[in-house]
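Per-chain residue numbering starts at 1, and chain names A, B, C and D are given in the order in which the chains are listed.
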């Protein structure tokens, strides 16, 4: 699902980008990269691994200048990851450019085929490369106009940040699928996928970049152009699962919304139980809301282990399946003999839920009631969330009862789509394609 | 504070030890080691680093046999850590032996001086080495008798596990400072510092090893000898801070006791506030108890970051102090404008508390009330907890009001010693030396 | 100076490429990469470091197919090396393609500017990228014809290997600057920069690829087209320094030629001395030839240390300059009191020679006579050898006597250009630009 | 076979020790360690791996003081290497002590059994530990007297260096099996196994430590005591193979002696051949001597590859046995059609020789005549050289003709024992046990 950051007019911009990427590490752990510009030349360093593994003081020193863009890449199957790390850098007729992208272009193939047809070459499988080609081939004189033209050709979800040697351009798609906000720091600005980046570096949140808005950073300041105007289709999964709870996303507190989902879930599916426990860490806020509404006591009944090994040691005969237990462990004294409501954010393939239910039953739970703070996700996302194929999504193939049976819970309830939207406040402005399959772009 | 494990009569014993140490990683991250015996020979592998960094499938294969002991070492200053890793292995007149030790011997220096006086050499600074010397120099014929003799010479806190080529001996000091329990797995037994180890490997908890009790594992079973009988002095800090919440320690649920401390704390120091938030992860259970008793809503208002870098990148001018914020971040939307009760387990030097208070104030908290679920720790522990010197303990040198002013909180309250003991149920059986300075052994 | 390899129609082609690159590691240690094709898809893996550091059994397994090309990159200053590793892979209108290149295009900038002018983007600073663009933009139907067209636009030194999903194309420039040979292995073929690769993998040398010749590997065999016919200008520095002594380069034994250079050098500059010693390993063969001709005994008077540290430890006050001595150490008993002839292949900046002379004097040499088996290199190479700038080349700025004084030798003699050419047998077919500055392409 | 170094009264002694160990890396690559003393406390750091992998600037900074001892450990089978790294450090009744040891004690087991009998414990399998015990148990007042007493109890080959907090003691066994020399540097002294260490650090060779001599470094100077006086039995294999050619061993130049062995070998086994080539690097000097005497031209016909991979990649079907060829490669143009004399220093198991002969035959050699510059080694060494068991030594089980047939050479000749001794000049002072099996201590 990735994270992007842009830093403009701040000393040691690459360090600001580093910290911002560090704060947004949860949005992508496969690869990271930063490009900086000192006004004359763009430098790019990118590699596989976590931000803190790739960069150190010496490496950041090479990324000079007061402008920088950065990217965290979410793990994806298939292609070699070094070639697919971002920023993508290129020399072209107006000089040098680097681009980062959070999202997914739905007409990637068409554009690529067309470009290839006319002699372009592609060195990676990233749709980000398309944009550079479209810009390079545009004959307009100013980069700004070229970006506008290029953007006009692509469809789908995108938060782009372009870095030239002297300017920075930010563009969010007309639906505003992915979050993108702007903040003030020292004499400059920082643009980032999530506001938790601002909190870490001490930048002051200004506002969200608007859907369809372009920001042009130049001469120490920025101007704005509203390129498109559409009904927004913001990704509600950012609230459900993806964003950090301390981030304010699409203008609202992620943590508060998750709590509200929990409350709605409690209203929709009351049950007689002894305690409410979250699957940590993602289910905590919703479980707090569920507890508040249902009056069933909240307990942190499952502990998350912070020490995770590099390589898995095959267990011995005496030990059964251990993988989930190495990450999550139940508090037996608490759970034993109790009717337990477990809150999780979603069920994808169902295998982890099955193991969690089993673990709780092994810990002595009398009943396990699984409550999910999102509706069944039956359709893959093509707007930037890395979901499995339709065939692998358990709710695409099985009924609620079948899923319940598979995971072994006594009851299983999902929040209703309506309930989810209600909890987010504005019912019309969200993308619900992964629930209803109505792809629209 | 360290962790120990002993595995007896189970196939691939070193793997069971590995998993047990993995579950107890929170008790020591500096170094780890395992010794195994196949009945004929003892193998030892130990190194600096986390359990999962030191061992892999191939390395564990070298540790053959159905018996194994293991150790996690807590970070300590000074000496080179490879030399100070455990198990300590030795060849001596009865053959081969390996020992692990959790605790601290208070007459370490006297014994060592005496041994050195009579020609012994010490290759490490670990008090564990003393025991082997005492055993080796004893002239009794049976190892069991020698261990009893040796143990009789040492004072302080200890949970020892001795491995010979064919037997395993377990000994807990008369006061039972450190926790130690025994469980059944397959045809054999597992002894471990914390019961969370049993839960991971699927072993069935039998009971705690008694203070002053010795267990002798031999011929597929174990016998027990009550060597000493004293009033126990169990370390209450295991409850306050050290043990994992899913462990049952000294026969009670850690998680439940921490909640009870929170309840007591709430009764002792009521305050008018909007929300109760824990310092994660250690303060969570106490905060839940505090909220339950005070009716002030519980919120997970501070998020803990799971991605921690190897090396710290010096921040730029534009960014102020950032170290604490890389680990902990507040949910601003939640905290802003609120009167906040923050629950932590203890204040050692006061510097972290100061940064947390500042962080919450920066996040807009109207008032910050710090509540600590242990009394002021004014005296260093010599019974196995790695505390700083008396001079570094803030509560040794400053009054409550001075500490409050230093950390910048609006109010500061510690639980009373009486309250803490009440929450643990049995008021007489705990060691309270770090609070009252009454060293007794 | 780089190495290239192409493998056609052999099972596990990527392994053959791996071993070939391993044998040619001396031609480039900065980065390596392999692309393979299984007939349907091209896979590429490349990274910084030595061949043996980048690839292992598992990684090679991902590079499936019976065709592969590979590259070793010589260390160059400046740009980030991951972006500049080869093979360069691209998708274009005819499908997929990967290219490796040994050499240097002298009209790189002109072509790049022209391509950029017409909308192309460049993601690296490698001239190799030009070729792919030229091919992708060509409108001819067959890749073969496009390669011929593209090649016709570039000038300079090149040994190219192109891999499509089903074919492999090899092209050596009209002057044949860099070596390139072809061999038979199992049912297929291997093309490599140096024949030492064939020896390692057990392939049977067929012949050199001719200057200006194109090879097209298709349907299990290869056809040949002589695209250009020129007077060859083979790089004589391959003989002097670069190639491995066990390689046959341009149809002659490198080792034998180096010995002949030593003989010629001896004839040109006789001296009264006690022994002849080489700077290991590059000067060994020439020193043997010098000894043979001059009758002065050959001795391996300087030992090369095989253990080289990662990081340099700053020496203490008690120790003087130590860097050269960590790599090379003189046999004092041999050298002390002797008149010594030292043979090296070239003097670039003069600093290493200065340290070697000093080291020999410190070892007690009565006289040190430096003999160089190449003429003074006064001009930078633009045909694929990584030389410093004109300003840094000591022989561009100083006279023979000044250089002698700088390095501190008693006498200093270079082989004459005529002598060098004579030793290579065919006087007219070599490039001598680095000696005479007559750039011709 | 190991290396030891001692540094006395020089600033940053640990750095001097570091460089000395670096120079002697060829004597042991498994583990390394350094102990230093600042007059008050001894610091020890040791680990597996090469000197340059274990130490860096920061680690050396921890080893403060003007005295240091160090050790390189040769790879040995069996025990865990961290436990068996040196220096061995101990606290004992006179304070602190660290010891390094090059050699092997032949009464190790007896002493150890006796010590264990009387209550000592052994934490490693190193005979070095014995010495510390003997010293610690001695009741004399001065460390010097204790060392003398302790030394008197052990038999075998040893070069010991003892470090106390204020003094350094050096002791070489009465036979002088292993080399040990002393040099002057700045205001202090350096003692090292090989003189190549002195050359690197720029120390001035004073003399060899005498067999049976003890050196006591104290008050800025050293005194000497001749503890034993015997007929020396110096290890001739130091000359044959182990020492670096630029070291002066037992007062003579290693390089010169190897050349002399070659001359003697040539006199003993003349043959009609076209060229003499060494197995690099160990056979080079002997081959030069052979060539000089026989008048058969010397050629460096086998090239040693400096790039060796960490992990071996299994070759494909198309490639045959490749392991030896990855390290050594023949110059085919030189060897093809020739009668070749190959010089190596010894044959242990015969498998490598077999592969070299095969490699040369594959390269077209008409005849391959193998000449060995040591007599058949039929007996394992118990004086510090790490030889295989008697069963694995090919010359213990097979006749010359059988060995020749096994390795596939046309002829095979070893130097005679008499010839070897003659080349070393003093016929009576060498240990020849590995040739004749006459163990004497």
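Operating definition for what follows: a residue touches a chain if its C-beta (ideal position, glycine included) is under 8 Å from a C-beta of that chain, and two chains touch if they have at least 3 such contacts.
These figures come from a predicted structure and were not determined experimentally.
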{"item": "C-D compared against A-C, more contacting pairs", "value": "C-D"}
{"item": "Per Cα centroids, the chain farthest from chain D", "value": "A"}
{"item": "Chain B and chain C: spacing of chain centres that average the CA atoms, whole Å", "value": "60"}
{"item": "Chain A and chain C, separation of their C-alpha mean positions in angstrom", "value": "47"}
{"item": "Gap in Å, rounded to a whole number, between the CA centres of chain D and chain C", "value": "37"}
{"item": "Contacts with 2+ other chains: residues of chain A", "value": "none"}
{"item": "Chain contact topology (line, ring, star, complete or other)", "value": "ring"}
{"item": "Inter-chain touch pairs (all)", "value": "A-B, A-C, B-D, C-D"}
{"item": "Touch list for chain A against partner chain B, complex", "value": "10-12, 15-16, 18-19, 22-23, 25-26, 29, 50-53, 55-57, 60, 185-186, 196, 199-202, 244-246, 248, 253, 255-256, 284-285, 288, 292, 297-300, 303, 305-311, 313-320, 322, 325-326, 329-334"}
{"item": "Complex contact set, residues of chain C against chain A", "value": "43-47, 80, 82-83, 88-93, 112, 116-117, 119-123, 132-133, 136-137"}
